[in-house]
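Shown below is the structure under consideration.
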Amino acid sequence: MTDTPETLTLDIDGWEGPMDLLLALARSQKVDLKQISILALVDQYLRFIEEAQAALELAADYLVMAAWLAYLKSALLLPRDPEVEPSPEELALRLQLRLERLNAMREAGARLVARDRVGRDVFTRGAPEGLRTMRKALWQAEIYDLIAAYGVITARTRPAMHIVAHRPVMTLEAALARVSRLVGVEIDWRLIESFLPADASGLFRKSALASSFLAALELAKQGKVELRQQSPFAPLYIRAISVAAA
Amino acid sequence: MTPPDATIRAVEAVLFAATEPMTADAIRVHLGGIEVRTALVALQADYAGRGIELVRRGERWHFQTAADMAHLLRRTHEEPRKLSRAGIETLAIIAYHEPATRAEIEAIRGVQISKGTIDVLMEAGWIRPAGRREVPGRPLLYATTPAFLAHFGLASRRDLPGLEDLRAAGLLDPVDLAFETMEVAKPYDED
Amino acid sequence: MTPPDATIRAVEAVLFAATEPMTADAIRVHLGGIEVRTALVALQADYAGRGIELVRRGERWHFQTAADMAHLLRRTHEEPRKLSRAGIETLAIIAYHEPATRAEIEAIRGVQISKGTIDVLMEAGWIRPAGRREVPGRPLLYATTPAFLAHFGLASRRDLPGLEDLRAAGLLDPVDLAFETMEVAKPYDED
């Protein structure tokens, strides 16, 4: 990077863009970047681009930079117009700052890669055994959980036996015997309730009524009795079918 | 450590970075022909009793982790984990009915059990295969292990509470069912 | 060497066998929770001046050969990945400015960076995506990794060569901000 402009090759492919070229030119002034003459730098760049342009196609960004630097140069040389913002001095300073930053990072990079690097200057162990961690579950359960679980299973799958707690009922068989016996001695229509035992009350009466109703239906099916009801929920009458009528 | 001389340091670095054991000759050639045998012996002494040792295998030398530290390289990390509900139910059935086949366990649970559940119980060391039932298909039988008794603080399987004990403890009126009843009952309560 | 205690030996063995640098926490966990920091410091002292050294890179520790042994070892080992100039500069910009967006890297370099440049640095494990900057477009941020510190032998990012000087000179500030600071400072300079 200490090449003088005269010895610079006219191959712009050697630079990574105009900033790179500018930095190379700035360094060729061999002064601290803070002290470089932006005007001299601009002249160097424009001269270089002119020479390069004759030799080959110049990339657009080099030409844009050239145009911008030509503008900067004229602005720096002409009397200052206070209306123009930013001022040419400010633009020049900004360019200088950018060059300083690029230069700083270029040097930092060079120092970084020159450090004692693993695999080049220092080495880690050639054949490490490696560490392996095998995860093992430590299963946990409490005795209470165990027996409670068994209780749940047993309760869930135990065959269920339902016992109906003491309840007075008249079975269908009893009702059948009773109704067929009583209906035989009567000739006229009678309310089904009249076949119930006289002392029947409460739950037993309800059970007797239901069973007697079923018995009446059964007897009707056998053709032994006939049933009559005027309308839904109206009183239900029952009478034996006389042999004569049949 | 005592400050080692240049040769010892060089041998140490070369052997450390080497990808395979090296003969003294190979090290010597590598270091430009200097004699390394004394350095090897000195290094071996330096590392005696440390977590790393310099060992000689046949003609070749290499560093290795000290033999008594080898267990550190393959380490099992134990994580406490709670047994799943399926796991604890399966374990309970095996404990109360052992030996039991998988089909028997499923019949009692009323739910199929996944292979993973049995695996977990085996991994925990609480059940073991206990032969086969001599019926068609010869299904595997499972039984509990001494580790099972130890984990649950039981002297023997006879220490498991019987059905009557469970009933007395209210464990046959499972909390879950009680909850369901309450759920159903709620709307009426709110009337 | 002085005979080390059990913890020192264990830490020594673990770090020796490890394929990657390890944090003190990782070592502690591997050893079942024992405190290892004192042992690490003792080990570092034990190995000082030897052909092998224990180094700390960021939060991670590893053994490596002493830097002054490089001339003996280099010949057997291949050069690590050779970085292009673009790669070196991009890495330096990320390291000294981190986290940095691609646009910020391009602003400093004055040229677009190809996708390949970032990819090479990511593949080397030296940079990683580090969130997004909350500005329009939410550009991705890049930062360096623990492997970057290990590879370049940096105890921490503060050890980056010349970092403090660059910072003091304002060379790590954004260009526009630096410019404004200088503008403000000017009147005083002229006094």
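Points worth noting:
Each chain carries a letter (A, B and C) given by its place in the written order, and its residues are counted from 1.
The rule is short, and it goes like this: a contact is a pair of C-beta atoms (placed from the backbone, for glycine too) under 8 Å apart; a residue touches a chain by one contact, two chains touch by 3 or more.
This is a predicted model, so every value here is computed, not measured.
Relative to the whole-protein C-alpha centroid, the nearest chain centroid is that of A. Seen from the C-alpha centroid of chain B, the farthest chain centroid is that of C. With centres defined as mean CA coordinates, chain C is found 38 Å away from chain B.
Each chain gets one centre point, the mean of its Cα atoms, and the points for chain A and chain B are 33 Å apart. Here the spacing of chain A and chain C, counted between their Cα centres, is 35 Å. Among the residues of chain B, those touching two or more other chains are numbered 13, 16-17, 63, 65, 72-73, 75, 77.
Residues of chain A found to touch two or more other chains are 123-125, 129-131, 133.
The part of chain B that touches chain A in the complex is made up of residues 13, 16-20, 62-65, 72-83, 85, 87-89, 91-93, 95-96, 108-110, 120, 123-124, 126, 151-154, 160-161, 163, 166, 169, 171-174, 176-177. Considering their complex, residues 1-4, 8-14, 16-17, 30-31, 46-47, 49-52, 63, 65-66, 69, 72-73, 75, 77 of chain B touch chain C.
Those residues of chain A that touch chain B in the complex are listed here as 123-127, 129-143, 145-158. If you check the complex, the residues on chain A that touch chain C are 16-20, 22, 90, 93-94, 97-98, 100-102, 104-113, 115-125, 128-131, 133.
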